[in-house]
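Chain nomenclature is as follows: A, B and C, assigned in order of appearance, with residue numbering initiated at 1 for each chain independently.
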């Protein structure tokens, strides 16, 4: 790392951030034992992939410490991964545990040390402070009451996967009826119920609507009669056709976009995931993707809702150039972070550099952590900031002779300023 | 930049070049005001993308200076882009305007300074001289009379998009009949008319036939009877089917390839653009792409015309490896420049390096500017030459211990020599 | 190259390796004249691509020296390619020929010098020693008797392309019946015959089953009745439908996977090649690809055979992220080398870095040479080791502050250890 990169990184490190997409549970935001850390699907799925049987990892009734003891056995084959490097960073920066490796000989010391830290009454605030985080966006199920936590710190966000893709499940419909406080038996009811959810969520400070989408999905406007027929078929309890289910999905999706327009909510699109590809995989370690997806599938949507901001995440690095190009042309398409299988340095670096080169600076959300527990913001944002500092140093300060202060300002906008502007937070 | 890179770059900078693909109007090749520069679609579309309404940018009847005044407001959000860097380079190298940024406080000074420069009687020659350009390829509509300019300096090139994709438009047919001097009501007539265009163009020094192609297009030979039926359906004025229109497109395209063989013209294929994806976008800022295109779609064409050189440009960086591989195998496939959404440093660098590693050196056309006004050759070629110098330095002089002179010679061939050889210019 | 990279490279260079995929003929493993070197399809196809007619290259009855004399004429236009660099490395390291270029003036000296070396009785061992190779995997046709060579040094591997894709060819069926020692007229017979091949191959020390697959292929279980019908149609001699032929292919493929499970053989999948795209190309220089392939096509296979290891090679660099992700999730998916059109430094570097970042270290086979003659292992592995050393230096020792010894150990595992583990060799 050059001195220039170190200088830029130091400035980026000093920023206080808003994390615009996480899966934090606001009632238990921080980890309580190391099992919450090592239980993150990145570790369980990599451990399984490296050879550890799922039954060994997910044995029911395991005490947290025993679970950690098992997962530690796999780390020897994972210590090359960037995900292991996140763990090392957490251990070092949050738990004052400096050992280079984690294995049979030292994991219990780490366990005890971390337990002591996490048991401190102020641990949540301590993690946020050390991570430089001010606010954290949540991903709430549509029937979340959004009560019992500080919505100023933990910003609600309406997750809509179940509404779009699981209405054939009676349990989901029951949840919806309960949340909306009304029966849902027609497309008109459905629209009204969704409107009620938007009222509830925005009333509780929600700042975005969000959804993850499979590669085959292509949004489109559905005529009322078609929607009604599709809904009737799906709700009938008899097996609806694939086309009918997809029609209903399109109808719900389009309705969500309409409400995003009405309620002035950005609509986070996370494009490209195939669910349950590896059905015998560990929890949350079963999804993959098909790189043969194109943003051209969203052409009608982007044209129909110019007033809605669409922060778009793509699962595949190969989709990044389309994202760059669509954000360069469409005023309502925003580049959003580095998602899941693309969230590794080799791909982040190329994707970051290309975005900085060709997308207006006010349309780039640099990064979100996607974390389930607060401890992961620190290593993930640190990884991103190092790459961002390198890109700013090489491509702007050296490549275009920018003064450092301008490069820092660009970094600040991408890391923090745009989150404020786009989500009005 | 290392000293080695600087040395190589200095040598590349000293070359006098032929720009093998532009949209220059030979009757007004240079800009007359800064509005010609800032009116380039890269700036209008990025300004619009960053939030400026299209109506504000394209208000009818605006004076050039007022138009510039409006666009300047958007630059604050665009100064990170490589396209802004092109503008800065133009200002500095051609207008002696050295301010780092361009905004409300200084744009009028820039406007006046640049106006003074552009008003000099010798400005066109001055720009060519400073840009190190000797000849510039044009992209002429098929009915261009090609008169009133020096075809030795501004080399004609037959653009065929309208012939292949717009014959259903009566106005296009009328233009064709006028240009060919004969009625066109059968496939036989059409073929003959196209032959007349080739005679006219090559008689006026044309050195290439060119076309941009959508991702879904796949050329193929069409039997005469099928062509006749498709043409009749399309020309009938009643709505022809998609299949009939595509059949006619394939017939015209194949006919063009046949005449390229007969007239020994290279056929520039620019593969991958979807037109009018964002219909409310600014002029020339509406097109995008679908990365799901493959050169396998051109298999029949490349096999059928071994005697025709096909300089191929791909819109997507993700298509570059196919291009490299097809140029490595097919004698008639040439890698051609870095097109549009791929024309940003991150992608140029990878694409350049891979081509230098795996395509015979006599089959690579390094770069073209694609410019509409002469002033853009300088910053665009400068961008490319810096990347080329870096690749030559790192991969050849350092990586393979080549003497610098060999690396420079490779650079010269890619930048200039191959243009001469392939286009016989 | 930094001192750190040089140190790491020196350590990697000192490893003795097993080459896990080649096309070596164990009865003539080393070259006997320079024509064996320059006759490698990389040189003939690039020479042809650069402009040399196929008839000139493949003229029948040419003496080796005359053939070399012809191919040398093309080298001037190929000396930029990494494949030429392999040749230079061979000349320098194996033939003590240090000239920078190879052309009309010096090729005969090279020819004579190399002939002298290759004529030494111990040349095969000398090449292996200088290349640091201990064992070499073969790719044997299914009816190879596997006799007359040291199967400990030259490890047999069952190639199955003909079985899966060419059973419609009566000659292939005849070879199968002969190899299996029994008639094959039903799906049951076919299964039994394939089992006999597995017995024969594993009895002679085979360590893998291998196949190359076109982009459109998607494996799946075929019901016995369907298999029987498809086989009857294909074997009938009348033209079977595409669907019937593909059904039979799927049946044979699935049967191979079942025997891999039974015989505990890894199944090398080399995914993505379209055969005979350029039909007028030189021998082995006719194949290309379609980047629109996805590992999702292998979902059913990977789920159905958790006990079979699938070392997967992808032809397209654009497929690498899917490979990384599938290997990160599926315990039985292994990343395997850098194949053919992806085997150039620009792509190897990105692919290597991403794999090291996200795939468990015990699931990565770093490299194989894919060579036809022993002399090519040296330059190809050298190319890979340099890239690996750079990745280890930059991303691990510098980026993550690993001690050098850990980085070297990771390199050793990827280059050698995993080959031993996965293939039990």
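Points worth noting:
We adopt the following convention: a residue touches a chain if its C-beta (ideal position, glycine included) is under 8 Å from a C-beta of that chain, and two chains touch if they have at least 3 such contacts.
For clarity, every value in this text was computed on a predicted model and none was experimentally measured.
By the residue-number overlap criterion, the interface of chain A with chain C counts as different, with under half of its numbers used by both chains. Rotating chain B by 120 degrees superposes its CA atoms on those of chain C, with the angle stated to the nearest 5. Chain A and chain C have Cα centroids separated by 39 Å. Residues of chain B found to touch two or more other chains are 292, 318, 350.
Residue ranges on chain A touching chain B, taken from their complex, read 292, 294-296, 299, 302-303, 306, 318-319, 321-322, 324-331, 350, 353-354, 356-363, 395-396, 398-400, 402-403, 406, 410. Here chain A touches chain C in the complex through residues 1, 45-46, 48-51, 77-83, 85, 88, 100, 274, 277-281, 285-292, 316-318, 341-342, 344-347, 350, going by the rule given at the top.
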